[in-house]
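Chain nomenclature is as follows: A, B and C, assigned in order of appearance, with residue numbering initiated at 1 for each chain independently.
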Amino acid sequence: MTQLILLNIFNGLVIGAFYALMALGLSLIINLTNVINFAHGGFLAVGAYLAYTLQPYLGFWGALVVSPFLTALLGIVVERVLIRPLYSRDPLYSLLLTFGLAFVIQDSVRMIWGAQGLPVQVPQALQSALSSTLFFLTGYRVFMVVLVAVVVAALFLILKKTRLGMRIRAGTLDLEMVSALGVDVRILRNLNFGLGIFFAGLAGVLAAGMLGLTPTIGDQLIMPSFVAVIVGGLGSLVGTLFGGLLIGVAAGVVTVFFPSASEATIYVMMALVLLFRPYGLFGEEGGTKL
Amino acid sequence: MNTRNLVLGALLWLLLLTVPLWVVAAGGYTDLASRVLVIGLAALATNLLVGHSGVMAFGHAAYFGISAYATGLVMKHLVPSTPVGLLAGIVVGTAGGAVIGYLLARLRGIYFALATIAFGQVFFFIAFRWNAVTGGDNGLTFQRLPIDFGLGQLNLTSSTVYYYFVLAVFALCAALMAVLLRSPFGHTLLAMRENERRARFLGIPVNRHLWIAYTVSCLFVSVAGALYGLLNNFVNPHDLHWTQSGDFVLMAVIGGMRSFWGPLLGAAIFVVAQDSLSSITDNWMFYIGLIFVLVVLFLPRGIAGLLQRRTA
Amino acid sequence: MSLLEVRGVTQRFGELAAVKDVSLSVEPGELHAIIGPNGAGKTTFFNMISGFHQPTAGHIVFDGVDVTAVAANQRVAMGMARTFQITEVFPELTVRQNLGIAVEVAEGQRLKFFATRAQRAATQARVDELLELGALGAHAERHVGELAHGDQRTTEIMMALATRPRLLLLDEPAAGMGTKETFDTAVLIRRLHRKHKLTIVLVEHDMRVIFNLADRITVLSEGEVLDRGTPDEIAASEKVKVAYLGEKREGS
């Protein structure tokens, strides 16, 4: 029984790491621009499929590195062309836009790469288990958790130490102020969006290795990432990180006892948070303009 | 109401009343027209909140779906009667809306939007997993039955007769919604959309009115759901999924959120496109999505808004 | 009995106390002005009276009833109406629609799902009254968002009046206005006060408006009451002069 619980907690942690990765990207975008990116799952799919296409040329590792950047580039173009015109309007419109965009991206992916699932090659080195007792610690899963940890740490470093990072943090608090100080807010929003999409793309590459590659891969992960943002608290990146891990582990634990309810767990958690502590575990009242 | 609107209205109703005569020649079929009306009703109901109250309701398919399930289950296992089934569906859907609406009424903005999705998904999972009752992914099959009036019978199993039944219910609901929107209560919703703070400081208990609007909106969406179940003689979990909710919002936006009939127009475009395009291309949703994106960017008032501007 | 009594009200935001132990009383029919340098806590204080914020400590008593914990929309029902520093109206609706909604809610119709012709006529009659009072007749069918700033503010004041308030709270009614608009607004306020016998509490920076309209003035500085009295007393007050030193004073 302990093995089973441990197995599920670890799996939960792995899934939670995904949710956190996606959710951090979402969070970055929401915090700075109030845009709720329903298309985040679509970008995840793009990241996964680009990696698949690049793999024959660049190998697994090359694709892993390059694909998120390309996806981020796509994000930058999308932000510039489709989202920028909507900042001055009611937030409903950007929400609707990203919603419609989600369909467009998903179907584009299907048109380009086909509706069937595609095989994903994971390097030999990562496939085997690391220990015979803790057999579920396959190399790939451990690798994913480690990679996510590294990337998240890098994100927090970027935000703390670089000029871009500091501007993003300042902009999250008061965008007008930042603009008044001479920063080009349009470029800031644009790069911030790209950064958020980078995370989606990376999540996509990693997810494909674990869940398989189909056009609906984004659908499975998008809602939990929203839940992670809500549970953690809008406006708090640490909260989002924590939220993602928490719901992943919670869903994992629930699976042990009520296997069919694990998906519902996530929504129940979101509902509970929204009813009793709408600002999330780490959020503050009035923390966001939303 | 000016002459132009009266003429357009008369034309619209003339078209609707004669559908079985021209629909096949136009390349469609009667059930398709019924579907347009039913989905259109759902879109109109959703728009009560989205367009008229300024509230981001992204989970309405849940009430649409549970109403359909209730109708089917009652008719299949309890009382083989269409009116009873319909009533059951409406009651269940509305009750669900009232309960959830009460819980949601304090929330705003993204919190509200995501909460509507979250609760909607809970219903979806119940429908998906509760195999014994709902049939799970296989869905629930049942049969719409003729209504016996003693002296005569309304043979609803016929597509044509069912179409007119749907049209009658649709007309009634549309009329009620129109009256509601023009009433003092409807004006308070408008106020809440335009400036919630000012609405509050005029004395409007905003949360309570939001709850009432939510419940009323769910009532009409439940009617649509019950009719939809009866139309297909089938319900499946997908009818409750958040993407279906999103479709209702999509139709309202494409047709025009701020116009009364906009959502019906959007529903017509969507349903017809879905029906005709999906046989030609697997990617019909891409085109709908594209139109939607273009409308959001360039036509915030939707197609109805475009038509209004042209003739203004 | 005072119409409005504020007793020892304090508002803390974390460590910061924006308003410290402020008391005030307003008699029926009085026009009471609240002034003070920027950052004195006027708006926060004002927000507490109208129910926008709850005070951290203290009580607000309206016509003998303790309303400290009463919700904003309920205070409106009790007879308190307010306008905002940044005009809060329904910009995409016409003046007539704006006033119509205000009247309908004030007349207790907000839950009516259906209005008879007679009711509609009565509503419109009252709307016409308000249009005339505010001299907005010419603009009745225009979207409020398109009107000149002064007319928007007047619309807002008329909407507040639709609720037939016993106490009217005006937050910087002359804010952002030029000389003529300020004059017109002041004339309107004076008319409401003198002719219609309304009790008014007003926050303002414009000294001409204050000294011409107010019966009594309370001066706030750094969240506390600095001085209070009639306009003459305040004009002569050394304490007030010191507080405003360095600030541009218009007339006195």
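The rule is short, and it goes like this: contacts are C-beta pairs under 8 Å (C-beta built on N, C-alpha and C of every residue); 3 or more make two chains touch, one makes a residue touch a chain.
What you are looking at is a predicted structure, and each value in this text was computed from that prediction instead of being measured.
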Centrality ranking, top chain (CA atoms only): B
Far-end chain from chain A, centres as C-alpha averages: C
Distance from chain C to chain B - Cα centre to Cα centre, in angstrom: 43
Where chain A and chain B are represented by their mean Cα positions, the distance between them in whole Å: 32
Distance between the centres, which are taken as Cα means, of chain C and chain A, whole angstrom: 48
Residues of chain C that touch chain B when the two form their complex: 50, 71-74, 76-77, 81-82, 84, 88-93, 97, 100-102, 104-106, 109-115, 156, 159, 162-163
Chain A - residues contacting chain B, complex: 30, 36, 82, 85-86, 89, 91-93, 95-97, 99-104, 106-108, 110-111, 115, 223, 226-227, 230, 234, 260-261, 263-264, 267-268, 270-271, 274-275, 278, 290
Residues of chain B defined as touching chain A within the complex: 50, 54, 56, 103, 106-111, 113-115, 117-119, 121-122, 125-126, 129, 242, 246, 249-250, 253, 282-283, 285-286, 288-290, 292-293, 296-297, 300
Of all residues in chain B, those that touch chain C in their complex: 179-180, 183-188, 190-191, 194-195, 197-198, 200-206, 209, 212
